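Chain lettering (A, B and C) follows the sequence in which the chains are written, and residue indices restart at 1 in each chain.
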Amino acid sequence: MVVFSGDLDKAIASFIIATGAASMGKEVTMFFTFWGLNILRDPAIHVSKSGMARLFGWMMPKGADKLHISKMNLAGMGTSMIKRIMKQKQVDSLRQLMQRAKEMGVTFVACSMSMDIMGIRREELLPDVEVAGVASYLAEAEEGNLNLFI
Amino acid sequence: MVVFSGDLDKAIASFIIATGAASMGKEVTMFFTFWGLNILRDPAIHVSKSGMARLFGWMMPKGADKLHISKMNLAGMGTSMIKRIMKQKQVDSLRQLMQRAKEMGVTFVACSMSMDIMGIRREELLPDVEVAGVASYLAEAEEGNLNLFI
Amino acid sequence: MVVFSGDLDKAIASFIIATGAASMGKEVTMFFTFWGLNILRDPAIHVSKSGMARLFGWMMPKGADKLHISKMNLAGMGTSMIKRIMKQKQVDSLRQLMQRAKEMGVTFVACSMSMDIMGIRREELLPDVEVAGVASYLAEAEEGNLNLFI
């Protein structure tokens, strides 16, 4: 599964599919690229950067709790509504879904080329995230029987 | 096929692929989740809701005729242009595509978890729509030879 | 691979995956539909059109160099930042990626129905682009072992 998007709703969908598949005994690899990298950023880590990498780092959401929904965000109102409803309905939050995915053995891979373009360094990402290139994704995808681009 | 998007253009693309595949004798299941649920809302049904479910129900497009395109919408102008052109070129409208898909035996499944989050009830959706969870989608996807996330 | 999106970032991702797969010896077909057609428009060609086809032609980006990123575009600033960074990091530009893909034998197919709706004519597209319908895509997809909708 390629996670290109950094929207909260799409991130939730991707982790629901990933944990669902893992719970059915499937081996799951999530390949995070472009905006999807923001999902993996560790909010506790501060790295000093310069130039455009700094600007990008500052403009992009830092980790799962900072993402916005893709529609009806309305200055954050839609996002907080969705989060409130999910809590109320006792649906796992994105962070809980990520935690569950990790416990179930889902592999998280960050795209090295996207990291380079966006100026994101290894130490900014959550621990247990692997870094690899597109060739590695393609090799995995070839063996998979479900491939999605989200 | 997962239909996550509720944009008119992506909905049209998904039904063109679905009816195309069905006409080639394939078994097709469309799994509607998040914004995609709006495509299945029946405009003739009014359900009284309260709180956030009501607000969401009111803010989201109610059925295929109310969707907007994802780009160049420009306060609805782009959307009505696309619809006018499709009519002029005698391309089926989204509602006609949905009708054809149903006649061809395409299965429509609404994601139960998304319905719960968005406060959409079974009776608001078109008849002939099944309701199921992500496990059911994954079981179907495993057997499919074409899986898309739209 | 279906390329529905005409966003710069998604176009880059699709060509990185396509050239990656081609370099691994795979046969790759990219099927461009809706906004994705804009990637294939030849900026050097001027076609006189009338009515809505003209308006659409004028509003949509004309070729790979005119695309915008899907997030943080900020009146073009984000787009030019991404392009500058890619140059600085010596990552191929979209136009170079397209060139490489063609040299590697990747097949570019434009969706005939989308062309009709958007009023895009064959002569506006880059040479070496084939034109075909959705049935042709589905026939190809059936044989593929990696299908994505981008």
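List of remarks:
In this section, a residue touches a chain if its C-beta (ideal position, glycine included) is under 8 Å from a C-beta of that chain, and two chains touch if they have at least 3 such contacts.
The UniProt protein names, listed by chain, are A, B, C = Peroxiredoxin family protein.
It should be emphasised that the depicted structure is a prediction, and the values quoted were computed from it without experimental measurement.
Where subunit A (Peroxiredoxin family protein) touches subunit B (Peroxiredoxin family protein), under half of the residue numbers in use are shared by the two copies, so each contributes mostly different positions.
The rotation relating subunit B (Peroxiredoxin family protein) to subunit C (Peroxiredoxin family protein), fitted on Cα atoms, amounts to 120°, rounded to the nearest 5. Our note on geometry: subunit A (Peroxiredoxin family protein) versus subunit B (Peroxiredoxin family protein), Cα centroid distance of 25 Å, whole angstroms.
In subunit B (Peroxiredoxin family protein), 147-149 are the positions where the chain touches two or more neighbouring chains simultaneously. Those residues of subunit B (Peroxiredoxin family protein) that touch subunit C (Peroxiredoxin family protein) in the complex are listed here as 9-10, 13, 16-17, 20-21, 23-24, 26, 70-72, 81-82, 84-86, 89, 91, 145-150.
The residues of subunit A (Peroxiredoxin family protein) lying in touch with subunit C (Peroxiredoxin family protein) in their complex are 2, 4, 6, 33-35, 52, 55-56, 59-60, 113, 116-119, 134-135, 137-139, 141-142, 147-149.
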